[in-house]
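The chains carry the letters A, B, C and D, assigned in the order they are written, with residues numbered from 1 in each.
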């Protein structure tokens, strides 16, 4: 076995990958071909498909309405990711600098809010954010801090807040996982050498945590791009994101082929962006000797 | 001249180090403030959610008065209780499977160079990128035309009758593998490979190296991935709805279907109960740990 | 080499899949291909002579849409256990069945969805011999336009779409103009919602314009779209889920929505009121049907349950629980006078005459959705 | 213990894809020897060490440890242990658990593990630190733990990969002495990788100088210093003057012309070169005597004498460094120990005479 591995180093990789590859090829890639095939067909009037080859669906994805929605979603997802990083990094750092026992508790405590129900959580935000009767506006107004309700609800602010809230742990977890092994003595050593804290951050903490930052950004950006419930509830449904358009094709317009085509185009764009992003951020070192 | 410079330097050094200490404790203070702020943000809506589980009206948004009625209703609603168990069952099983598979995949992807890696990269990212609804519909059609079907397996285990919703579990694993793989991979990426070489150098064979060094070092990543997978699985609605067989419901499916008639504080009660349970679990594990001897804790010990 | 194997394997899987999907279907699939839709009648299930009803059936229903006590009574009487599965929209249920889900003995589609499912051959013909209580239905519900003669479905509950409002804060809206010609100085300006649903929203606009709510005339639809975009300025948002809560809590003062929701909200705030504007509105009926994929045993048990629901006492239990009007004339004897006389539940005849059903519009569905996407993504004027 | 060698490398080649890291290296290392691999970073010394440890497998060639061919044996089956540059201590184990790791893997009995771990920690003066975590130790202490963790297994050969590289200068100096003493105490063969020539010279029994995957020279420290066989070795180890020129006359004592009329005799460093080919004369600064024009060189031996002019004088405490111009464009550095007070004998611009023993000058290939 050892010899075999030595002779064919890729063998070990494929053995490790075998379960994941098998599972994903059978239960993901194979079904994905259904979507691919559907995207080249014509719609059944009320859902399903007619077996008639057509490129119309892909032509429609480049419609300016859908394109501008995509750009808007991209913008919202990017802002969400950035804010998550801004909030999530110090939080991950805070957790990673606690004593080991406290850390596990804190990490669990990070996730537990999300073991409640999504819809209920979102409604709880609604209770806080509503314009005229929301707790925040009501308390600020009764304290006399403001005299007109702040526009906290039914706009991009509320959508981004909801998305940030929903995906913050996805940013914190990978960053924490990389920061956790950060040697505190390393930091002390660095600051003993009179390195300013910003220098310590730039030279020591940030490079070490980079893989986590990259993973976290992905785990936040992608689902935010496809979000559709949060914009509907917290955004007041007054604007669309690409996730709404796609899910509407399946659930309202009965247009499965177009929904499939939109999904495919979005996936292709995202996949390309992701692969490029990963390549550019993680391909250094590796040449060890 | 040299003695002068020394006497000048001494106070300036100590002033500097005192200032550094002040700065450090200020930094520590603001970091703590930040940490508490972060948790305040995360728990703010949760507190609201719990408060409304005691609301004396059907509304989950408008306070009317205090009552325990919803807890009573919840306990008597066998469907809700069953769907809660179903949710937990699916989440636990699919988390276990996806953690094992995803961790192995992460090791292959991070540690090896091989042909077809780019393809596997793509295959691993796709389940995260795909819109939920597209994945749900495609799996639904797939289970139908492949003949795999949806009917849960009826298993009898130690006298307990279980319905194993394999179609739901398969689907959850299909999206969870990727989340686990990404988190574990990030951890592996910054892990010092010489640790494994050191183990091998100290006569640990491939397996021993894995169990004694690689796995413990990966643990924070694995636990993070597991938590993420569990949470996603527990809260998934769209994919579960479309891939479940007739008669199998999870809590999110029940809750989402309440939308048209209005979601009642009963769901807040269920959520609050789960919250109490998980917090109690943490408390117990903390107590146990305090009682036990000082075992090395590796990252997140659940 | 391993790499090539993987490629080969995936290619094989894919090939197999495409073949299964494209190849001629040797047997009638659970959800027949659309080509077969010309002859929906041909899909009638074999006459169930001596079929033993299933011991357990799954009822695919809206959530909280039935008093759970009814299940217990039914099981006590017949020994058949009813398990409930829930969906949150007609489209969700439709998509799931179209995708091939099976195992459901009973489903609850709304009127236009019945038309669609009938056309798609997704519904089984009811065996009226097994439903003796069918005669309990009110006259007009024995001949609903989407299914004359109750061939495929039995009405379950019915209601209307109109405007709910907080009568302590605003006057009763008599016209859809509150939405489509809003007064910026009115208290409700900026504190209104419309249903987040293409057909319902267009129906409101089309009724206001005096057009047929099922129009496929693109010029009329374009006009309605412009109106909807104009209305956006006065809206707090689009909402189909919690619009009634937002009225009850005083967050919003007016909402486009379904009558039953507002009636439930009256429990929280007695000032919540409901009206149908003078131009008219939408009437809808939810129905119990049996999907074509049900086995003969499931169908037999399902018909028994339908019959059970049509009993006067059970019909009254439904409406008592749901606050929606019952299509069951015989059940009215068991309902409160107050309930029967509430115009929000049972609109007077002259209002009823101005209500229209939403009907499927075929190819124009895509136009509606497209225009709706344009409305939603348009910047607020 | 003269029956064979501790480690032998025969024609070992290692390529990573297109890049050749080690090019046909052959080495013979004796039992009990302190052997250093010295060279600039990227020269292949670490790869050579990793090949011996078994972390890398040679592309071709043989590695023999203690008389046994290693072939493709994995690291855990080789009788060697490694001390890593950044120690590679297991952060999730205590110091004692770290040290015990190898013994546990070898299934040594519990009692013996406890005893030997205690001994090993005593050996590196960390007897009381067993229950600490590596993170709680200073750099020097971590270094000792790494050493104890390797030595506790009583390997035939200990491989050290720049073990002192991460320590500060003072600690490094102290550890050098300690390490050498330790090696003498335990009598294990050490193969020591470093880029620090001073470290190599002070600690090693023998040194192999590497560059670009090749071994340039193997020898005792003084050999390497006094008799560098290549320009690279001469330059890398210590300071030296290079005087470029052409071979003027061949023979056991060659002559090289560095300018018209300036012909200097010197010895060949390696093979002789034909007359007329370009070559370099290497002469260490401290070997050159600087004198006024009328002073004669010592009479015990053959001296080379060249006139010049002082271009720069730098006082360095222990010695003074002169830069002397011989002809236009040719300068040499001369170091003179400050044996007496105020030994500033020459100023910039003074005409001086340089003398050195003929055998100290070596002619190297270009």
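In this text, a contact is a pair of C-beta atoms (placed from the backbone, for glycine too) under 8 Å apart; a residue touches a chain by one contact, two chains touch by 3 or more.
Not measured: the values here are computed from a predicted model.
Trainee: Common contacts of chain B and chain C?
Mentor: Output, common partners of chain B and chain C: A.
Trainee: For the pairs B-D and A-B, output the one whose chains share more C-beta pairs in contact.
Mentor: A-B
Trainee: In terms of CA centroid distance, which chain is the most far removed from chain A?
Mentor: D
Trainee: Can you work out the whole-Å distance between the CA centroids of chain A and chain D?
Mentor: Here chain A and chain D have centroids separated by 53 Å.
Trainee: Taking the mean of the CA coordinates per chain, how far is chain A from chain B in Å?
Mentor: The mean C-alpha positions of chain A and chain B differ by 14 Å.
Trainee: Between chain C and chain D, what is the separation of their C-alpha centroids in Å?
Mentor: That pair's centroid distance is 86 Å.
Trainee: What residues in chain A touch two or more of the other chains?
Mentor: As it turns out, chain A has residues touching two or more other chains at 2, 10, 14, 21, 25, 29-30, 34, 123, 126, 130, 133, 181, 250-251.
Trainee: Among the residues of chain D, pick out those that touch two or more other chains and give their numbers.
Mentor: 74, 91
Trainee: Touching at least two other chains at once: which residues of chain B meet that condition?
Mentor: In chain B, the residues touching two or more other chains are 60-62, 114-115, 137, 141-142, 145-146, 206, 217, 256, 259, 263.
Trainee: Which residues of chain C touch chain B in the complex?
Mentor: Within the complex, chain C touches chain B at residues 2-3, 6-7, 17, 20-21, 30, 56, 58, 60, 62-65, 68, 83-89, 92, 95-96, 99-104, 240-242, 244-246, 248-249, 261, 264, 267-269.
Trainee: Using the touch definition from the top, list the residues of chain B that touch chain D in their complex.
Mentor: 192, 194-195, 197-206, 208-209, 212-213, 216-217, 296, 298
Trainee: Could you list, by residue number, the parts of chain C that touch chain A in their complex?
Mentor: It comes out as residues 2-3, 6, 9-10, 13-14, 17-18, 21-22, 31, 33-34, 89, 91-92, 94-95, 98, 116, 119-120, 191, 193, 196-198, 232, 235-239, 241-242, 246, 249-252, 360, 362-363, 365-366, 368-370, 372-374, 376-377, 380.
Trainee: In the complex, go through chain D and note every residue touching chain B.
Mentor: The touching residues are 53-55, 74-77, 80-82, 84-86, 88-94, 101-102, 105-106, 149-150, 153.
Trainee: Please name which positions on chain B make contact with chain C in the complex.
Mentor: Residues in contact with chain C: 57-62, 64, 77, 79, 114-116, 119, 137, 140-146, 150-151, 241-242, 245-249, 253-254, 256-264.
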